[in-house]
Structure formats: C-alpha cells, structure tokens
C-alpha cells in the first residue's frame, strides 16, 4: 500500500440554482487520520459530504478515493469500494432489528447468490453465519449487543447514533465519514463518543472525516481541521492553528471579533 | 415597560432529541433582545417554538400575557408575532411584490397594504427596483431584505429574526444590522438570533447565551460582549 | 383475553377445542358459511398464537388436509374457494416482495399473471397451431409442470422488461406507469389476434389441457376412495395449490432472510441510506420486481389449467388492485399477513358477498316483509342493483381507505424474526 | 355489534338450512351494467314461466323456484357464478347466458357436472359446436345471422363499400366476421374491419370512415356502443346505412342513438312479439305482472324455461322423484315444445332444429321497428366426433 | 393513400384539439392538487365522473322545465361543477387530511388511499344511480342547437396542412442537422436556416400536392365542440387569472412552494388545500358535463380512462403547471387522434384503433424517463 492520501478532493464546486454551496474546495486526507471539517451553519459542510459520497455530482473538479477517480459515480459503487458514512439526522432502517441494520451493510461482503439464498446451500449458511458473526462483533464493539434483536426505531437516541456507526463499520471502510455524530448528545455521551472515535481509528485503522459543531470534541480529537465558510475552504491546519486563527474567530463570532481577540 | 413575550421553562423535542431544556426568556416592548450560541445550541428551535412551528412538550409561551404555545402557527401570526425564518425561506416562484403581499395576507384593507408596502420599499429601495422579479432570482442580500420586508408587512408587534446575516457578504451584513437598528428606532420590538455574536450584541439591548439547549448566561448586551464565556460558547476552547 | 395469552396450556386447549368443534360443525354443514369461517378462524389462531409447534402442525394439517377435503366432497365449492385463495395467496406473497419488502407500488401486477396464464393457455390448447408450423398442439397435459416453470421464467423476463424503464422513476410515478403497462399487456392480449393470431384476442382461449390425474385417481383408490374425474380434479388442484403455497412461502421466507431481503427492506426504508451502505438501487429493485413477477407467472399457468379458459378480461386493473388490497390488509412486508389478506379478500369476494346477494334474493323471492314497527319493507321490491356482490370495488376501496387511515401496518404487521447464531453442521 | 354479527350468522346459516323438496332453475344473465336491459328480460321471462308452473309442481309435492344470478356480462364473474351454481344440489338447470363470451367458459363448468343449460340468447356458433350434451339453445346462430344480414345488405339494400366495426367480444367479433365473409362472397367490398373497446369517443373510427367513404356500416356488438357510434356518425355527416346484429335489439338502442336511429337496420334471432300469435297472451300477462312490455329475449327465456319445466314435469310425474342432473340433461335434449316462439326441438348438438331470423328496419326512431324479412333456417351441421 | 391521409389531416387535428381540450380541463384538477400537495389525486377521475353524472341528471330532470338549452347547459355546468367540488372537498377532508395530520412520510400511503377513494366513489355512484333508476347508464339529451354542424372554410384546412408539414420538415431538418453535427462535426445550423429549409420544402410539397390540398377538405365542427373549446379556454384563462392575480391564488402558490413558511404569513394551509380541491373539483365537474354533452353516454366508470389520459397530459406538460396541463392535453389529444386514425391505415389493419392507448402510455413513460419535468415544467431540486 502506498502512503498516498486516502481521499483527494480537487477544486470541487457545486451550485444549487444561483447559490454556490461548495466553492472550489481542495483537500487531501492522509491515511489513518482523524480529520474534521468545521464551519458555521450553511457553510456547505453537508453538501461537501454528499459530493464525496456521490449523492451529488460536482459541477467542477474531481474526487479521488484510494487513488481511484470516483467523481460522478453511484453512491453504492463508492460505498462498495470502502467509503462509509453516517447521517446528520440519523437514517437507520427503522423496521429492521439492530443486527439486521448492520447486516445490510454487509451486503457487498456477503457472497451468496440468489440461488444460494433460495436453496440454502452450504455457502449460504457459511456466508450468513459470517455476516451475522461480524455484525454481532461490531454491535459488541459499539456496546450494543444487548439491543441486537430490537427494532432500530425503538432504540434510544444515543444508541441509534452508535448503531449508525456500527452499520457504517460493517462496510469495512477505509474511510469513515461522520456527519455531526455528537448532535443531540449530552456531555457524557459526547465524551464517550470521543473515545470511541479515536478507538475506531486505532483499532481498525480507518481514516475518519467528520463534521461537527461541538468544538470541544473537534478540538480534542482531530489531528487536522479544515474550515469552510460560504462554501469556501478558508483554512486548514492543526487544532491549535485553527483555534487561534483570526479568520476562524471572525467566521464564528462575527466581524470585529478578530481585532478583539488579538488585542 | 410592557412585557411582550415570555418563555417559561420551555422544553422542546425533535423526535427523541431533547433540544430545549427549560428555557426562560423575556422580551419587553421596544427592546432588541439577542439570543446567541454555537451551532446546534437550540437558537432556531427557540424561535420555532415561539411561532408555533413546533410545540413545546412542557412549559409555556406567553405573548402579551396570553398563552400561545398550543396554537398553530397561522393563529400565532395573527396575534402579532412576525417571524423571519432561518435561511430566509422566501417564496422563490413568487415575485417580490407577491412575496410582500402574501406577508400581508391577514390584512384585508387594501389601503393599509399599499401603505406598508411603500414603507418596506422606503426601507429597502433595492426591492422597489426589483418588484416584478421572481424571489428565487434575487441575490442573498436582497432575499434577506425581502424576508424582513415580508414579515414587516404583517405589522407585527414583535419580530423574530433568525440569523439574518447568515451567508451574506460583509457589506450586506452591516446593512442588515443597520436596518435592525433602524426598525427598532421606528418602534419595533425584536428578538434576534445570531451567529455573528459580536455584531448582535452591539445592536441589542440585552442578550441570552444558549448552550446545548440551556441558557447559560444572560444580561445587558454590553456586559456579555466582554465575557470570556461567550467566546468559549463558540469555540469550545 | 390477556389472561388467556399468558397461559399457553389453556390457550392451546381452547384453540384445539374450537378447531375440533368447528371441524365437526363444518363436516355436518358443508354448505353453510359460518362453520367454514369458524374453521378457518381456528386454523388462523392455531398458526398465529403462541402454542406448541406440534399442535400447530397437528391442527393445521388436520384442517387443511382432512377436514376441508372431507367437507369438499359434499360441497365442492370449498375446493374452489381453497384453490382461489391459494392462487391469490401466492400472488399476494409475490406482490408482497415488490410492495411490502421493496416498497415499490406496482399497480400492474395482473400483467404477470396474464403472461403466465397465456404461456400455458397458448401451448396447452390448439391455439398455438394458429402460428406454429407444427400442428402438434395442444401439448399433452404432462407438459403443464414444465410450462409452469417456463411461465416463471417468462414472467420474470417480462418483469425485467417492464421494470427496466419503470423502476427508474420515483415512487408515485412508478405506480402510474406500472398501471399503464399493466393495461398495455391486457390491450395486447386483446389485440394480438391479428395480424398473427397469438392470443385469440377477446374470444379467449379454451379448452386448455389439465395435467393428467389418472395416477392420482389410482392413488386415491388405494386409500379406498373412488372418485370420478370431475370430483378428483378439484381435490387435485386443491392439494397442488397447497404444495405450491408451501413452496412459495418457503421461497418468500428464505429471500426475506437473505441479504436480498435485507437490501429490499433497506431500500424501502431509506433509499439514500441504502445506497450509502453499498446497495445498488436499480438492480436490487429489478430483482424484487422480477421475483414478484415470477410468482405471479406460476400462478397464471395454474389458473389457466384450472379455469380451462383464459381471456383478457381476467387481467384488469381490478385484479391488480385486489391483490394489492390483500397485501395491504394483511400487512405490508408480512408473510402470514399476505396469506391472511388473500384468504380474507377471496372469501369475501367469492363467497360472502355472493352469499349475501343470494340471501337477499331468497328474501325477495319469498316476498319477505321486514316489519320494525316504524319501518315496513317488502323485499319483493328490492331493486336488483342492491346486491352486495356488485359492490366489490366499494368494499375494496373502503378497505384501502380505512386501513391507510387507521392501521397502515395491516392486520398482522411485519415482524422481524430473531436471528440466531446457528451452528454449522 | 355482537348482536348484529349473531343475527347475520343466523341469517346465513338459515339460508343454507332451507331444505325440502326444492327444485331450482337458475337464470344467469347480466342484471347490472350496461347490458342489464337485455339480461333483465331473460330473468323476467323465465320468472314468468316458473311462476306459472309452480302450482303444478306443488301438486306433485315439489317446490319449484327461480334463482336469478348476475354474471355482469363478464366471463370471469360468469365462471365464478357457475362454480357456485354447480355446487348447489338444488339447482337442476340453467337458463342463460346472454353473452356468448360468458356462456362458453361457464358451460365448461356446467359440463363437468352435466348441468343442463338452455340458452335463450347465445348466438355464437361455438356454444353448440362443442357438441356438449348439456348445452342447448333456442335462438339462431351467428353463422346464419351474420350471413343473413350480409345477404340482405348486399342484395336488397345494394351495399357496395362496407365498413365493419366490432366490439372485440366473442359475440361481436364473431358475428362481424361471419358478416364480412358473406358480404365479400356476394361481391361487396369490405373497406374497413376495426375492433374497438371505446365507449365514448368514436372520432378516430369516424375519421377512418370519412377516408374510406363507405355506403354501408355494420356494427358487431351491443346497443350501448352502437347507439353512441351511430349518433356520432350522423353528427359528423356519415350518411352510410347502418346495420347490426341482435345486440341492437333493445329500446335502449333507440333511446341512446336518438333521431340517428331512424333508418337503421338490425338482424335478430328473437322476433318481435307481434310476429308470434301465441305470444300475445303471454305478453299481456308479462306486462300485467312486471309493469313493462316484454322485449328481445323475454319470450325466448320464457320458452327456454318452459322446455326445462316440461322435461322436469315429465320426469317427476313418471319417476316420482327429482331427476339427477345427467338425467335431466338427456331428457331436455329430447323434449319438444309448442312454445310461444314456435315449435321447439333440438338437434343432435343442441341447436334448435329450425330457427327464425329477422331483419328489422327502424323506419322511425322508435322501438320496435318493422320486420322487413323473416328467414327460417336450419342450424348448419357440425361434425361432432362424439357427443360429450 | 398518402393523399387521403393528407386530406384527412385537418379533421384529425381538429378532433384531436377538441379531445385535447377535454383532457386539459381534467388535467387542471390533477395539476392543482399535485402542485400543492405533491399528491397524485387518483380520485380526480371519479370527481370528474360525479360531475358528468350530476350534469346528466340535471339535464334529464330539467329538460321539460327549462326550454332554453343554453340556460339548461349553464345550470348543468353549475350543478355538475358544484357536486364535483363538494365530492372533492369531502374526499380531502375524510381521506387525505387524516393522513396529513398523522404526518406520514411514506408516499405510498396517500396514493393507496387515493386509489381506494377512486374505487369507492365508482361504486357509490353506481349504488345511488342504481337505486334511483335501476340502471346506471345516463344519456345526455340531444338539442338541435348543440348538435348543429358548421362547415369550416377550406383555407383553415390548407393552413393546417401547411403548418403541420412545415413542423414535420422542421423536425426532419433539425434531426438531419443533429446527425451532421454528431457524425461529421459540422457547426450547428442556425434556427432560421432550418426554418427556411423547412418552409421551402413545404412549398415544394404543397406544389406537388396542390390538387389534394385544394380538394374539399370537408372540415366540420359542431356547436357543442365549439362550446367545449370556448369553456375550456375560459377555464384556463380564469384559472390563470385566479392563481396569478388574486390573493387566494398567491396564497395557493405560497403553500405549494413552502407550506410551513406560508403558515408564518398567517395562512392556514388546510384552508388553502381545501380551496384547491374545491377549484380543481369544480373544473373537473364542468369538464365532466361537457364530456357528457360531447359523447352522450355517462356511467360510474366513465372517468377512469379519461382520468388516466388527463394525468398523462398533466405530466406531459409538466405537472403543477397550468399552461403545461393545457399544452399536454392538446399534444396528447392530437397524438391520440393521429394514432387512432392513422395506425390502422399505416399497418394495413394489423394494428387497430386500440393501440392508441398503448401509444399514450408509451409517451408517458418516455416523457418521465427523459424529461420528467414535462414539456414546459421546471426541474425541481431533490432534497436530501
């Protein structure tokens, strides 16, 4: 494996109607890094995620994932190549049990054919068992095994968030995108999540790209941070650099704040 | 001074998320009160709870002394609460003029409607130039003016403004804040939610700081502007 | 009731006794509706309530294989009901894959039924002589089983052909387009009598060969049952349908519990999330569509053989809607629901509404006068229009509206089974 | 709620329990829908016959009843009704159906149970050409009616360019094809032969007529389509003579077509009442009882029922028991009757030995029209391999 | 053969135009409800039917009372429209609103309800008519005034032929140009050049066929067809005015674009939805009465086929768009009439008139696949 970046985004632009949601953004995300994208409301962060995962097609620019061009490809195709994500407002499959939710993401890794499924061939049993075992492992890993057979929609909020991560991990991703994973969590849950994210990176060797509003979380776990404002990347750097950059303070606190902070 | 709006121990949920955890807040006649806080702290939720787009699970919203939290949005508007929503939400396929007229939907007196329209055009001459243009074709700043103008067409007794500076060029941000001050001079009571905290605190009389659904700080705007915690609320540092 | 549920022993006993009583009542009164319904109710209760498995098998087997056939000899209409219920149940299970699991609203499902029916009808009757050079048709009845498989394949291919454009559309457009394409298939069946006569157009095709049952009659004789051909056919088809239902249910369960079933539900629940989990949208939908179609195709072939006659009028929109109503009534995505829905709607449509009409007819003929004191009515004046059997659309419509408003999840809502870690043997 | 259910249950149970020496004759015809007017006449005709015979049967110790059924002119419904009827042991014979397309699949069911069917209205050749022992009919056949119409059209009305429309049903298309064959044989040119299920807007057909300029239009089908087509044809200035088969033989045809019906012809196998001197008394009784005049197939249904009743009476009087279905089927085939529509006797495959065909002219837009020609014609022979 | 086809062309297009206006009138109801609720109101075809049947009853009941046929028609239109509007409002209140209040996100739920409503209404009307008359086919009475036929002057036909041929050639020229560009890398020709080429070819064509073109084309039109055209034009114009110039219209559009924000303007979305059904229903009812007048016979199932066609028309033009409904209706009407008339000729009888419905559905699928926003609709962004 080369040490080329896992994800390269080159000059990507996306407009909706007259509004430029993402404006000429370029990023390189090295392997095994926890990388955060921050920015005020409406800065284009979620649109940026949707561009990477293929839900939107960029107007300009290109995206390389693991050395392969994925610009304009189908989301399922991209996901099968090892890119998993969670959603800002949880999108679990409510009427399936927790473990089934995780097994859905094993789809591409389960090698049963249609005939196998109908005839219950040994391969079917083998593959199903494998999928189930791996899914249970992941549930255990996210401390959800006690909920395995409950319907996803009946889980409490915090567990739904964790389940979404477990589901994403089932894809065996090289890159995991987390869209506001701490939204709606209380401080204790957030702290727990924080450890978990670092753990995922350390245990599974997954690169993590996250969008988050909770600055405490972002600053404590990210190794690099990119700041988006009005669809443009205004800065990229370490948490310290970002925290002390007047442009960031301006973007967040408003104009005039930078002078106040530096004086 | 007359108390226009009061929130008493308001709890609001989005599905399972406990978004507001017991908000208490007051706005007096003639004031600009600002509500600041980080992304996702619950600012917008507070405004949406006031104007009836979501209903609180607990607590009450009092408008001029009467509870309104159980009313649907269109009846709350009728009482005299104007709401400039987040993201402007103008009607993209109505013309500027139609957008304004729909703002005055509840006003049946043609004369008054024309009067208010003239007032809005006086406030925002740019809109007058573009009155026949479709809302969706306006620039961001013009859309924001239109959204404010549309709410003014209701002649509300309190104006809720949700992030009016969001996504605007700096020069337009200044203009919007000038307008807010001007409106207040003309006698409007305003509850302002802003991400641009320092600007907001400059124009407001009083402020509240919201963090993860709770009010952590409140007081005169000048004092808040000096406060270190305000900065922490934003940057988490 | 709650108490009953908590006591499995008492529950088992109650169900067994009800089943027994109902069975005897039915055997003594094979022509009345009520014991029949009660018997079915007992069957349903046995299958759905938490009672021991052996008792389920015992009660289910006894009712399906002994009581109904025995009553059927006295009233062969029961066979007819059973066969029709079975055919529709299999189709409801097929549509359940499409609508229930994958969430694709298909209003042209009867088209596949038509394809299956015509597949056997054309070759199992002299019709094929019209356009084939060899004058060897009708094919002998033995070919029926082969053609049932061919019908599965042909219907699946039709599913792919229809699905390829339709499944690229959004939900409600898909519904309208499938409705249109279903209608297209019917119009084609109605018009393909020229320039080359494939379908015999509106005249329909008759007589169609049935699978031979000499062996079956001989088999029954060994058990001491002497049956004529006319008596044996209903029994034969009844048993055949039971076997097919068994197969179809098994297929349905197996698909539901495979990665395909999970992918379908994922798409139904949230297309965007499903795609982000690596599930390719269009092929997965197409697979669901073709699977559903193939069920319908198989039953079409059976329908042709049972009915001896096939014409385009059997494959109208109302048929598609009827099958949809079965799925909705039972519970979208629910396998027992689909079967229950099929049974309810078929019995309602074929028996109850008609029985009620007959009953009114009897009253009219007898000149019965209803006297409630303040209200007198002589049934001899009852207009012909007021026969429940004519208002099946109203009944279906009402079911659809009420279910959507009050219980959109159906009578037996979809219930996800508990996955168990099985030891590989 | 429970009480209602209980009452309903009792009622359902009770209807099935009504036992005794009951013999039922069923009529099956469309009682609802666009062809209800024709179907109703079948029911009423048979009802009159049954009610007249009831006292005699009572003397013999039997209760004779009519079980009217509705097939909605739909083959699917027809088969479903047939399957219900065959399982009711009290039903011994069927008078019906109206539509050939419904009669054929339904009679496949009757055949399995050897349940006798006497049709007062089916004209499709296939009905009897299958040589089923239990299937009989009182009316003529389309392979005579169609050609008879064609002969009249070409020879007496001088049709040269004929445009044929049919309704894509077994009956309509069948008779239209027979008409076409004969017309071409006689040297007329068939300039169009089109089937349509359309019920409202016939403009596309009328435009085709405009292009083909026919002097004669034949419609194979039922009045509710024919009436609208004719009306729209006249509105658009198509002046060609209009003709159709017995599906047009209803006052509704004139009602729908309005003034346009003036001058139209139709052939029918069920002659107007006044053509049958014996029918007069029956017509009076009918009108007194049901408040309307017997039309189209009413007298044929009356005779059909009477054939069944006669066979039944003979058997019961002789054997002192109700016949089995097979016995009755055999007996009906042999029975002869001096009916109101003339002498009724069946040939070896169930056709009436000699049936009447009428050509009717609507001189004014008023029903019934004037019979301009009567042909008495024996049923064409079919080679039966075996009588089944 | 070609000569006959050309001679027939003006009449075919005229009949297509009339049919198209009928479709357009029904399509308005679909388009309005879809515009506001994004719901395919499957039951609209039955609302149309209710209007048609109510109109027939009005005609039959009042024929002896009111002598003036125009007054009678006006009354029938009013009653038919009102009955249909009442049915539409009831349907909304009883079937759709409970679903909205529950906040179902599953789009199948309202659609299934709509189909259920449609089936229910068919049999309900059948029951009522059945109990009332013991028959449910109702015939519209004939009036000499409405059935009066007028000959249209030949020059209209000639112009129609010329225009059609011109459009045909224009399409051909455009396609040829596209081919050249595609395979020979030629620069695209200007629109005006193409038009001139097409016009030139048209003139040549007319010269060659002048004896056909100047033969008696025999175009006729009936008073009732004129009425259909006039009323539907008035309806289109009126509706456009209502939606664009009145307060209610602006409110309807506001709710359609963003119901939640509209409620911040003091608008009760429920009231607006109700009004929308009322207007759509009324127009549907009027269309029903005119349909009956035009084609004579109505019954409880009369709405189904025209309903599906009108829905196709609405999609064809761009659903949610009033002008689109009209354009879609006219295009579909003409295509259907062309198909219905010419298919038989072109295939020498192998493909009958019945294939016109298949044609309509093929057009629907084609449009949805390649131009889902319709002929003049706007593309709406998808929300993720």
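In this document, chain identifiers A, B, C, D and E correspond to the written order of the chains, with residue numbering beginning at 1 in each.
Quick note on the criterion: a residue touches a chain if its C-beta (ideal position, glycine included) is under 8 Å from a C-beta of that chain, and two chains touch if they have at least 3 such contacts.
In this text the structure is predicted, and so the values were computed from the model without any measurement.
Path length between subunit B and subunit E in the chain contact graph, taken as the least number of steps between touching chains: 1.
If you take subunit C and subunit D together, the chains in touch with both are E. Contact tally for D-E versus C-E: the pair with more C-beta pairs in contact is C-E. Distance from the centre of subunit B peaks at D, each centre being the average of the chain's Cα atoms. With centres taken as mean Cα positions, subunit C sits 58 Å from subunit B. One finds 37 Å separating the Cα centroids of subunit C and subunit E. The distance from the centre of subunit A to the centre of subunit B, each centre being the mean of the chain's C-alpha atoms, comes to 33 Å.
Averaged C-alpha coordinates give centres for subunit B and subunit D that are 78 Å from one another.
Of all residues in subunit D, those that touch two or more other chains are 32, 36, 168, 195, 197.
Residues of subunit E found to touch two or more other chains are 130, 136, 349, 352, 354, 384.
Residues of subunit A in contact with at least two other chains: 17, 55.
Chain contact summary for the complex, subunit E toward subunit C: residues 39-40, 95, 98-99, 104, 106-113, 115-124, 126-127, 130-131, 134, 136, 304, 308, 311-312, 315, 347, 349-352, 354-355, 357-358, 360-361, 364-365, 368-369, 372, 384.
Subunit E makes touch with subunit B in their complex at residues 247, 250-251, 253-254, 257-258, 260-269. Of all the residues in subunit A, the ones that touch subunit B in their complex are 17-19, 40-42, 156-157, 160, 180, 183-184, 186-187, 213-219, 230, 243, 248-249, 252-257, 260-261.
Across the complex, subunit E is touched by residues 99, 103, 105, 107, 165-166, 168-169, 171-173, 175-177, 179-181, 183-184, 187-188, 190-191, 194-195, 272, 317, 321, 324, 328, 383-386, 390-394, 396-401, 404-405, 408 of subunit C. Looking at the complex, you find that subunit B touches subunit E at residues 51-53, 72-74, 77-78, 83, 85, 89, 91-94, 98, 101-103, 105-106, 150-151, 154.
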